[in-house]
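All chains are identified by letter, namely A, B, C and D, in their written order; residue positions are counted from 1 within each chain.
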Amino acid sequence: MNNKLQVYALADLEHVKVHGRTTGNLSPLTLFWTGSAVELNVQGTELWVEVEVNYEIYEPWISIVMNGVPVSRQMVTAGRYWVPVFRGMNADRVKNVRIVTEVQAMNGDPGCSLQFHAVRTDGTFQPVKDKPYRIEFIGDSITSGEGAIGAKGEEDWIPMWFSAIHNYTAMTAAAMNAEYRVISQSGWGVLTSWDNNPHANIPAYYEQVCGLLTGERNEALGAGAPYDFESWQPDAVVVNLGTNDGGAFYSPEWTDPASGKIYKQRLNEDGTYHTEDLEAFEEASCQFLITLRKNNNHAHIIWVYGMLGIPMMPAIYRAVDAYVKLTGDRKVSVLQLPNTTAETVGSRSHPGVLAHEQAAEALTGYLKELLA
Amino acid sequence: MNNKLQVYALADLEHVKVHGRTTGNLSPLTLFWTGSAVELNVQGTELWVEVEVNYEIYEPWISIVMNGVPVSRQMVTAGRYWVPVFRGMNADRVKNVRIVTEVQAMNGDPGCSLQFHAVRTDGTFQPVKDKPYRIEFIGDSITSGEGAIGAKGEEDWIPMWFSAIHNYTAMTAAAMNAEYRVISQSGWGVLTSWDNNPHANIPAYYEQVCGLLTGERNEALGAGAPYDFESWQPDAVVVNLGTNDGGAFYSPEWTDPASGKIYKQRLNEDGTYHTEDLEAFEEASCQFLITLRKNNNHAHIIWVYGMLGIPMMPAIYRAVDAYVKLTGDRKVSVLQLPNTTAETVGSRSHPGVLAHEQAAEALTGYLKELLA
Amino acid sequence: MNNKLQVYALADLEHVKVHGRTTGNLSPLTLFWTGSAVELNVQGTELWVEVEVNYEIYEPWISIVMNGVPVSRQMVTAGRYWVPVFRGMNADRVKNVRIVTEVQAMNGDPGCSLQFHAVRTDGTFQPVKDKPYRIEFIGDSITSGEGAIGAKGEEDWIPMWFSAIHNYTAMTAAAMNAEYRVISQSGWGVLTSWDNNPHANIPAYYEQVCGLLTGERNEALGAGAPYDFESWQPDAVVVNLGTNDGGAFYSPEWTDPASGKIYKQRLNEDGTYHTEDLEAFEEASCQFLITLRKNNNHAHIIWVYGMLGIPMMPAIYRAVDAYVKLTGDRKVSVLQLPNTTAETVGSRSHPGVLAHEQAAEALTGYLKELLA
Amino acid sequence: MNNKLQVYALADLEHVKVHGRTTGNLSPLTLFWTGSAVELNVQGTELWVEVEVNYEIYEPWISIVMNGVPVSRQMVTAGRYWVPVFRGMNADRVKNVRIVTEVQAMNGDPGCSLQFHAVRTDGTFQPVKDKPYRIEFIGDSITSGEGAIGAKGEEDWIPMWFSAIHNYTAMTAAAMNAEYRVISQSGWGVLTSWDNNPHANIPAYYEQVCGLLTGERNEALGAGAPYDFESWQPDAVVVNLGTNDGGAFYSPEWTDPASGKIYKQRLNEDGTYHTEDLEAFEEASCQFLITLRKNNNHAHIIWVYGMLGIPMMPAIYRAVDAYVKLTGDRKVSVLQLPNTTAETVGSRSHPGVLAHEQAAEALTGYLKELLA
């Protein structure tokens, strides 16, 4: 055993970089969203990290990225314990380490949380430099990396098949040399979820730290607190929503258990979308753009869409048009991303790692023109 | 918590497939070589595996492969404990699971061992079918997957940078739909190691279960026992040795601490290999082929070489020629593998995952012609 | 010399397939548009084709495609002469041969024409089967394959750098197993050309055989005659226009030499497009869709755009929206094609063959969903 | 018509570079071997070249390469006439032009020749710089590019399916920035041809300009004259022979029509090569290496093999070993090239363009280490 190891509470570290929306609390640090991470520059031979994990249904997974390359990915089960990060390395060289949440914030599990208390090392910590760009990604299962890992035939809806690393968000950020944050939830949309639930919409929770989490424990952790937008102003906000809003037209109606009210995005008899319902989506999208601009002062806002087909694209263009006409804001645009094919599909009929790579390449090319 | 979980000792399981050379003991099962694995077909929602891990220096790593796709890779630290494999899956569907040793048998750490005691599940176990082919790979650091993972600049010699999964052995076996076993050790050769140590040669230990392991504990675990070749006769034996034998010509002499004797593969003044020393390599290679054939009755033996350059290729061809002339054995051949380039190199100046993919493609094409 | 060769006038052949809009005249056959072709199934050892070529400035080029693979590409200079196609082949086997126009109809050269009089062979002609789909492509320099061949630094505007073969149109048609026709002109748009000339618009000439050709000779050849849409109804019409309409906003004004009238698509002071001028483009696009539907009864109409950036995409979506609202026509959609990058660019800063391949792949995926 | 064109006899040009073995005669210039070329740097708008073509059976083909990119490929039929190269280009810019022989010297057609008399231009000629390396390639159908173009099912043995451009020789030379010459003949070997003809061997003709050509006309053109090795000393000689020598073991015997003598490389009953016959190949290979070194003073000699399998590789290694032992020459080595697969095969069951690209990549990597 290495008897030179010392424990450092995260809150006591001079040099630690936290990625993702948090409350700012480091005692312990709670990572809510997928792609959130603790990043450290460690000059030492060995590193451990103390996690505390809770859940009723969906367990968290983490990836460890060493000097930019993923080397470990694992399920973290319930409890408070130490996870080994590296051992036996050169004492003098500085290692860049990121411990990344692989799984989305879980609206469906009120008991789910992933926390970091402390690190243990025989080394010291060096500053982690800021990167030149900041990007915020907002999306659904695609952005949550659902299906980015696993065999094509997998059908279970479990955390194992989610990945923040094999994901166009991480790939785009790496190609842009950008820091990034992700706001995403499988099945959700701008107006409703894929099954017509009007409460399962991202805009309603956008201004909270992680408001779509449920349960008293998450409330106590500050998930519902207002998010401090000033603390991290992005250069680009990438909205990848609309896929579930489109799906709602083909799903059964949803009855609100509280009010008994019925919700349904309707199809016309000829198979086209009902105009009124489509307009409700467009209105919600336009309103969301207003919210985005209110909170993100100088960011380019790019609405991306197409990784699972483009049926909602005309409505998205209309919504952006309406917003531009209303506000005169010229830093908003739409970008179609490459469709997923039989060759690029992953598990659960979602984009696989190849589809994420293609999306990242297209998005990176576009962002470079905007941000250059 | 899932209160339907039951513990099954490995030795009590009707259906379990063990990959890699072992003693046959399942109480517990010790996996010695890289690429060794426990394979199960599980019909249940959840699976854990109980490991026991020991080491003084080099810790083991494992990968978990679900239905043929790697989903998890992690360091396993010392102790006896349960590792989660999957949770929350469909109870009816059969999941194929492989838990794979990512790191080579560690000659340099007498205390290193990885053992499996039991599994815990709410499901049942189904038979794992045999695959149509069997391949044995014999090699050095290349075959141990040293450098197959990690950033290009990594220099530490640690288990983290070894991978049995991102490895031409695993890739070739998958492409051939073959079961496979690996005998390998970084730095070792046919005659000597890269640094002229004549004891660090693979042939000397080939007929034991895992004879190159050291220490009393490994002895007690049966590493030094004779290997029962009859239990698993391969269709192909792939020998990827010679790279370190070539390196020895450029390394300082090695002094045997026991005898004081000095060993050195010499270069001539013009930079060419000293004929006598090269002939010693050829003789050792020819002898190794005799050993291989003695133990592997019907296998095609393919000596592959070239992933880190081809300076020893003429000597390898001469050795195989000599063996063929001596024995009349016609099922022995030589295959050059693609060289590693600046684009395909991995960490520690070793072949990266792209180099392994190219090697696997070339080797698979060749094996298909031989075994078809 | 092969003294079994016999000359057959094209008009006398029982089995000949002509691709591209023509007048129907085979004595001789005039091929106007790029990608137009004569296709034959020849059972014989040798084939020649008699061409007649005229031009003042821009010479035609042809490619020869044997059994689906391009084997020859050459400039054809002025005169009437025999071009060799193949020699010395197996007398019994049927060879599929296409002789393809590589260069666009040349509005800028009133003297340019490419005609086929006859073929010479020792063989016989077999029927050429119809393919299951028909696609019409309408576009500008991108669709004319300008820059699809040649070194990146080439700047001359000459036929050599045009290719109908290394072109997303040919690639898409091959992937769809479709017959195809192309209507295209470099620099032209829906409303104006890149330099604000309102006469250089494709819609004005769409209903003629090849009305954008100039000069008395082309008039006499029937280029200005009404095109018989009934003779070849496409399953898909792909419109790749808008790139030059977008460019007009950044080009100097154009003065009509006849009227002295000045034309200019204006930019606002903040660099955005002048709304009125953009609306003129949208109106022209909507009108063009009406024209397309009038003539193409059952076709899916797909407006594709993006191979050289997407600044006009919102206007294109608005135009299609307006058309759909006006007509209720639901078989019209918009598809963004992959942008050209530093890696995929060809000569003359236009899409290279890699960019055409990427466009073809995206378009093929989309068409397969529509036409399946 | 361009009335500023002037005719220049090749022999009168100050700046013209000829590639390939020739007699040195420019009045006219005869290009014998595949890959031979005339290279010019032309500052003018237009260029034509006057060719004279003869053949009884196999017609020549040429490719035109503009600024390093192939733009034209065509059959050249019998006669003396002008071939257009370019028109309408910028008068000031210098264009690099290569007119390349696409087809091998044709041993089977005594009447075949391709000659260049003159060029016609409105421009001037600039010097063509020497490249830093020189490579000579020696081979059979693979090196002649047989099958590098055309559909997979093509079976006719005709010039159309040969290519010097889509060829590992041209690709390697381009990647190395090297000038190169090719000596090759389909079906030929070191000792015998694929069908056991002992006269069809490359070494017998290596020291002549193009001695394997037949007929009085070629004799008169100087094909049989001794080649002046001093005039162009290569840095590397790449020998790609052995494939047909290997094939001879599986082909029927060959009877010399002159002597009635029978030739046959024999197989043993167990399917292995007859030792004595294999040794004859090895002896011929060793002798060829002696010839190569005699004429190429400082060149690295690399025997490459494997694009159509590696059955002769042990014999090649033995031959090289024997040569090295005999001479002490250390600048001779063997390199296995990637095998052709179902994905990379071309027409006539020969390597396609993808196989040539893979071979060029492997060979380039090897040459860079040798020549750096």
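Please note the rule applied: a residue touches a chain if its C-beta (ideal position, glycine included) is under 8 Å from a C-beta of that chain, and two chains touch if they have at least 3 such contacts.
Everything quoted here is computed from the prediction, not taken from an experiment.
The chains in contact with subunit B as well as with subunit D do not exist; no chain meets both.
Centroid distances built from C-alpha atoms place D farthest away from subunit A.
Subunit C and subunit D, compared by their mean Cα positions, are separated by 38 Å.
Rounded to whole angstrom units, the spacing between the C-alpha centres of subunit A and subunit D is 58. Centre to centre, using the average C-alpha position, subunit A and subunit C are separated by 44 Å. Touching two or more other chains at once is no residue of subunit D.
Taken pairwise by the contact criterion, the protein chains form one closed cycle in which every chain touches exactly two others. Taken pair by pair, the chains that touch are A-B, A-C, B-D, C-D. Within the complex formed with subunit C, the subunit D residues making contact are 57-59, 66-69, 71-75, 77, 84, 86-90, 93, 149-151, 153-156, 158-160, 347. Residue ranges of subunit D in contact with subunit B, taken from their complex: 270, 272, 306, 310, 313-314, 317-318, 320-321, 324, 330, 333-336, 338-339, 341, 362, 365-366.
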